[in-house]
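Just so it is clear, A, B, C, D and E label the chains in written order, and each chain counts residues from 1 on its own.
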Amino acid sequence: MASTVSEIAEVTRPEQVALRSSLWHEAFLRLKKKRLAMVGLVFLLVMAAVCFIGPFFSPYASGKINTAMINKPPSFSHWLGTDSLGRDILTRLMQAGRISLTVGIASMVLSVSIGALLGALAGFYRGWVDQVIMRVADVLMTIPGLPLLFIMGAVLSEWKIPTDYRIYIVMVMLSLIGWPGLARMVRSQMLTLRESEFMQAAEVLGLRDRRKLFFHLLPNLTPLLIVVATLNVGGAILSESVLSYFGLGVVPPTPTWGNMMDAANTLIDFQKRPWLWVPPGIAIFATVISINLLGDGLRDALDPKQKR
Amino acid sequence: PATSTQTATPSTEASAPAASKVQDIKDGINLATDLSKLPEAAAKRTDTFIAGLTEPGGVFNPFFYHNGYDGNVSAAIFESLVDVDATGKPVPKLAEKWDVSPDQLTYTFHLRPNLKFSDGSPLTAEDVAFTLTVLHDKTYDGETDIFVASIKGGREYKEGKANTIEGIKVIDPQTIQITTEKVNAKSLVLLGGQVLSKAYYGKEYKPGDLEYLRTLHGKPLGAGPYKFEAYIPGQEVRYLANEHYYAGKPQVEHFIYKTTEGDALQFIQTGEMDYNSFTVNSDNIEQLQQLGYVNINLYTSSAYSYIKFNHSKPFFKDKRVRQAFIYGLDRQKILDLTYQGYAQVANVPISPVSWAYTEDVNPYAYNPEKAKQLLDEAGWKPGADGIREKDGQKLIVHYYTTKGKLGEVLIPIAKENYKELGIQFEAEMMDYNAVLARTEKGDHDLASFSTTMLIDPDDGVEAFSTKKGKSGFTGTNGYSNAKVDELLEAGLSTLDIEKRKAIYKDLYKELSDDPPYIFLGYRKILSAHNGKIKGLEPNPFTGISTSLPGIKIE
Amino acid sequence: MTSYFLKRVFYMALTLFGASILIFFLYALTPGDFVDTSPKLTAERKLELKAMYGLDKPVVERYFIWMKNALQGDFGYSLQYQQPVMSLLNDYIWNSFLLAITSTFFTWLIAISIGVLSAARQHSWFDALVTIGVFAAMSLPVFFVGLLFIKMFAVDAKLFPAGGMMTIGSKETGLAYAWDVVQHMFLPVTVLTLLSVGTLTRYFRTNMLEVIQQDFVRTARAKGLKEKVVLHKHALRNALLPAITLLGFELPALFGGAIITEKIFNWPGVGQLYMQAFSVRDYPLLMGFTMFLAILTVIGNLSADLLYRVADPRVRLK
Amino acid sequence: MNALVEIQNLSTYFKSEQGVVKAVDALDLRVHEGETVCIVGESGCGKSAAAMSLMGLIPEAVGSIVSGEIWFAGRDLRKVSKEEMRKLRGNELAMIFQEPMSSLNPVLTIGEQIMEPIMEHQGVSKKAAQARAVELIELVGIPRAKEIAKSYPHELSGGMLQRIMIAIAISCNPRLLIADEPTTALDVTIQAQILDLLLKIKEESQTAILFITHDLGVVAEMADHVVVMYAGKVVEVSPVVELFEEPKHPYTQGLLRSKPVLNQRKAKLYSIPGQVPNPTTLGESCYFLDRCDQCLDICRVKQPPLRDGGDGRKVACWLYEEEITRGK
Amino acid sequence: MENNLLEVHRLKKYYPITGGLLGRTIGHVKAVDDVSFSIQKGETFGLVGESGSGKSTTGRTILRLLEKTEGEVRFQGIDVHALNRQELRALRPRMQYIFQDPYSSLNPRVRIGEALGEALLDHGLLPQAEVRERVLEVMALCGLATYHVDRYPHEFSGGQRQRIGIARAIMMNPDFIVADEPVSALDVSIQAQIINLFAELQEQRKLTYLFISHDLSVVEHLCTRIGVMYLGSLLELAPRDELFLEPLHPYTKALLSSVPLPIPKKKRERIVLQGDMPSPANPPTGCKFHTRCPYVKDICRQEVPAFREVSTDRFVACHLV
């Protein structure tokens, strides 16, 4: 056996950035093989495309009120029927999708990344970092949502921020204060993971904390993060309509899936006029399911032990 | 009687209108069509009347509650000297009659003989005097403002300069004389309010300390048709018929106010409840009609809804602009879409149910052309982007409202209507209290509200007075019109209804010409009750409390 | 650990102090106040009342007055209900608690069983159906489900009462009363369970999927344990660890009230009370209730942390 | 004497991103009651995979048994129902896993994990199982057994964990004990004790032992028969004495040469040159071809079959083909 | 001893034993109890002893994977336990550890290639382009094939994983390696290959090892000096040849006599240790080995024998020597 051990030059070379770019690329390649996940992805993309482009082809895009066409069931001129103000539901559904999809996905990305990061930091460093992050989390968790939303609403209103933009600002702010739940979950798993033997191995290698966190620990939490993420999207889309009660959501006539559902809130609507709530309901459902399919696929793709 | 009915607090009602195929339904009581459908639970109940009520809070004292529903609860327990009828005119209750001195400053109430509280103790003029005295206490924090009546010596008492109130004189156990310092048409009903028992509520009374009363709010004692039995927080208030009631013990032995949220039709359907009120719309009416066994009560509310201008904004200084805002808004359409025909456009600040109502004012029918013309005249010319401007300022208005059906309909329509006029309409929804706070600060240009039940016509207009109306919910943020001020004074300075009618007619004309608000509409109140219950006639001013003593279950 | 515990309790007090400041100011800064809500008062009378309630004082001063009293256990009187805040809460909280604890129990029970099953049979029809069900339930607003249940089970089928906590006017006591309440709980508990079981199911499913592949599960199988034991003891124990944190969040929720469900079913819970208090800005009540929840939150988190340490022997004490 | 275990033509493949890994390739194996069969072979040649296949524990997601029969006490384990298989596992069939640390549940105490199979298969009370667990811990030579029973896996040293695994495996007196490198983490004194223990069990209850190990000293001490595996296949089967005296297959010869022996120090140890072939791209030639110093022409084109030499020895190598045929 | 690479001075590591719900400490496992030794540069120091005697704990505490309870560890004169995080990290590449359980020391979600190469990148020891090359090279040295580079840990056999652990340690070109049972799962051929590799590396780079093993033949082959541990303490420390030819401590004797010979049916005369195995939580008084010592005397039960130098470089803790 001829072995020559090459001498490594002991000079330090400039640091190479190699955080996981290949991992995601790889995950995507593997994801491409998951049929269901691709169905989810394609569905989302199609839905987004329809929502953003669709209204341009609709004759009812102006959202004009039509007293002659109130609460009409689906017909040739109105494929999904009309609402209580005689507006075309399909058009509103598409217009609503622009806001709901953006809000749902953006707030998911934001809140999951903040929660994961802070939780990971707390669990990883423990000590004072943990104390500070967790005590802040405790305080944030004790803060009642209502007054906060009201104050935010008042401030935004006083600054005369156009109503249709407020929802985005609000979602960002909600993510900024809504992280403690996820952070606590991430932290607790982190506490177990950091004691694992492979982290000792990472310690022996003298890896940077950044690498330990993002390369070794967080990937082991992807399943949790993916679940939280998929659940978050639906939550955000639905909670948008609640926000308008506090002067924070969108204001009519701007439609969102949430407020379209909300507009049909009696049993009579529920029973007799399904076209009012079924389309937005299905839109939300389809979005959530697609994201879930995508998430499940991603989870499997990132899980080395799952091969099909 | 300071009763407020269920619409006192802004309800978050919101329901979609139905494709209207409701059969004829008229104002008043629409009798049940088929009593045989009555659910078993309701049919079996022969000595109990169960009515729905949104959230009573446990302060069952007509002068101390802060929650309108507690007023409803108290109304059954406490009886007043003077009540109002279905048009808002005073009628005798515990007081057999009353005399008003020629200068309209002194009131003498003659109580009926042998009045008793529900515990059997006698109710005398002393009790009335005690009640009025408590209201003058400096630690009194209730919502009744007795100083509106300007009883002689009242201020001195409050400030601790006198031990008694000079203007209150107990002539004999059945007669009390009250001297006031200022003529006010509203004094009679105010002075002739509900009566607290001195023996019960006044035992520990020392001027300047009403703390002790708190413990009694949950154990009320009055002379009303029913006496308090039990309160189960969040669930129900139970009553027993009062055998000492002046008009005889009510026939129905038990009465229960059941706490319900929203349109609790299910309880009527299961027969667990006899009476409840509902959001008015054709869906609800249709459902009630289908039940067959309920009497449906429909009447116009004594309140009105309106959009308030912020008169401190320069562009609303010109009354032509305000008129244009009224002409340019399709109020009929808004009401039709919101209430599906169960509301009518308002042009005066008083409901059609009141004796003071008149139609003799500018109807401001929807007329965008006229509106444009008025704006042109006022110097607001369309700019490059179609928005009108004057002196470099664009006509952009901010409107605040609460979340609810009305807002959901009004905003899109107003946006459309005003855009046509060249006005940019920016709407925001927020919670009721926040709208109040923001308008109080004058942040708004327009904001919509609804009044509470209005008993006296002055209640609907007092906000327009330059003196009182500076700010606040009842205020106008700076509306000022000398003629209006004058007429307001005049309207209160006589007790003669005919004279007042004429004065208010003039006032309404003036308000129509120089509008302080955009009057929106009067909506109907919908309630229904089990057809077996006879004699229940809900009214726009007092709800069901007036007819409570007389109901029967067949 | 004892010193750890003491340290945590100290931090807890600190957290609560911080929270109380934040919460007080949040309420104080919320637009609108109690007196302004009353539509009938004149401006003059409003000023008088504000002075009487101390609302005219600067916020900082108001906070210290509140804090001083609170430290002595006095949370003041509700402005609207004219009752001591604590006794008022006492009237409502237990009703909410009853509903919440029951539905939480069922939620966890069902979520665990379904989560375990659908993980054990990942990619099966059962799993797919559960997934669809979970997300369908998530996409339906509470009021739809609530109203539908009332219509179907109470009005039409007459199986359960339509709402409330007991039969109207009932004077039952003892067991009969308890049975009455149980019947009234059925629908709201079902709805609450239905709506929250989904989320939890997802958590358990992922955790289980992770754990099920571990070597020690293989060992458990090699021991010839029943599949049920393998799943429920070996896999589930490990999968439950992350859920302990969730259990910590559950505590304040148990007393917080489920606002919409309580409203739909006319349940005399604290959720409605809170909404009502908020809509009229009843500060003492709001502060009292929120601080109560804050205390529960902190206790919940603390116990979750402690529990986690007990449940996971690998987490080292420091 | 009928074989307790007879594996015929067993193939177990894993799916990997790089292709199918033929971890076990047409394996034949027999173990008789009361007999110890040692499997030795190149690391990664499929010993554990074969053992796992026998236990029916190849995880579905990553691999599967593609062919073959596994006869155990007259039953084909590949055909018995799941429930039956479960009842066999831990009871009649027990296995000691190679990596004890990850094979024990981190949140259950040692005691609990030992008690489980006892309670499951012997239906004894919890108390009795507890006592038995402590007994077993002592039996495998761990001090302070009572405390150890209450501690968690991460609190034990590698060797202790390994002995815990042994304790679990022998808890129900199995008929077949599969031991996958059970003494790697044990010092020699304890190893000797454990080996004695296994021998005692074997003698007392006629337990068959399938012993996977790399330690030729252990093989020499324990085995009745030795099976030598290379790249998923059996290359030589032989009674232990003969194997050590006269290894036939070049791989076996290489192995024996590589072993460092106490008090016989050399400057450099012998090691078989070259590498194990890539199990995903195995061709038709003899798998040992590239590393063999006695290779023939036929080795390049055809795999040698495992031939019975008649003397209780089998070997798969063309070198002996002649000899074998001549012998007949 | 000026050129000592590593000095361990009176090192102690106690694990708390906790009990009760609140987890109060009710005792200590004295896993390493007052151990001193030093290792010279370029030497291979063998650590053998009973399972559970604290070998791994010693190794881990030396590298500060565990915080010490007492004592001192000096690596090239640097007190390892006094370093701050930054300094420790800088020192890490120079001292490596090969874990006893290779599977759990590998992150299940990291491919082997990455796991091996990441530290080089992280410390900036090699540019990214060259990392893969180096990874493949070292893998080959350890008997792993190119096609293994993209696999995940669970896709390997036990022996293969062990080699990954070895490769990971060598990869960094360290000065010092603690090898905890590095070859236990390897077949003898690969084992020989690895042992040769160790020797070769030592020759070329003056690499120093702390070699923990149960396989005495391997230890004999590789180590220059050997320490024998029992219940947290060193009982004997001697140069290889002396230890194997003439063990002094009764435990060492028993150990050597137990090595199985690769000759079937030829049993050697084994010294079988009798008596109860003592617990590290409550070690026996006097000589820790006395409970099982065949030559036990009264003094052994009462007095702790000193760990003393009996001849040059030979230490033993026994009253009888």
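Just so it is clear, a residue touches a chain if its C-beta (ideal position, glycine included) is under 8 Å from a C-beta of that chain, and two chains touch if they have at least 3 such contacts.
Going by UniProt, the chains are A = Peptide ABC transporter permease; C = Diguanylate cyclase; D = ABC transporter ATP-binding protein; E = Peptide ABC transporter ATP-binding protein.
Values in this document were obtained by computation on a predicted structure and should not be read as measured data.
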Of B-C and A-D, whichever chain pair has more C-beta contact pairs: B-C
Chain centroid nearest the full-protein CA centroid: C
Between subunit A and subunit E, centroid-to-centroid distance (C-alpha), Å: 49
Euclidean distance of C-alpha centroids - subunit C (Diguanylate cyclase) vs subunit D, Å: 54
Chain centre separation (subunit A, subunit C (Diguanylate cyclase); CA means) in Å: 23
Overlap residues in subunit E, where contacts from two or more other chains coincide: 101, 103-104, 154-155, 193, 196
Subunit C (Diguanylate cyclase): positions in contact with at least two other chains: 30-31, 150-151, 213, 215, 241, 312, 314
Sequence positions of subunit A contacting 2 or more other chains: 1, 150, 154, 195-197, 262, 265-266, 303, 305-306, 308
Of subunit A, residues touching subunit C (Diguanylate cyclase) in the complex: 126-127, 131, 134-135, 138-139, 141-144, 146-148, 150-151, 154, 181, 184-185, 187-189, 191-192, 195-196, 223-224, 226-227, 230-231, 234-235, 238, 261-262, 265-267, 270-271, 277, 281-282, 284-285, 288-289, 292, 299, 303, 305-306, 308
Residue numbers on subunit C (Diguanylate cyclase) that touch subunit B, as the complex places them: 30-34, 36-43, 45-46, 49, 52-53, 77, 79-83, 88, 91-92, 95, 150-151, 154-155, 158, 161-169, 263-264, 266-269, 272-273, 276, 279-281
Residue ranges of subunit D in contact with subunit E within the complex: 14, 16-18, 21, 40-49, 62, 98-102, 141-144, 147, 155-160, 162-163, 180-181, 184-192, 195, 214-221, 223, 240-241, 244, 254-256, 258-263, 265-266, 268-272, 275-276, 278, 280
Subunit D residues within the subunit A interface of the complex: 15-17, 59, 61-62, 101, 154, 271, 273
Contacting residues of subunit D [partner subunit C (Diguanylate cyclase), same complex]: 55, 57, 59, 61, 82, 86-91, 94-95, 97, 99, 102-108, 116-117, 120-121, 152, 154-155, 168
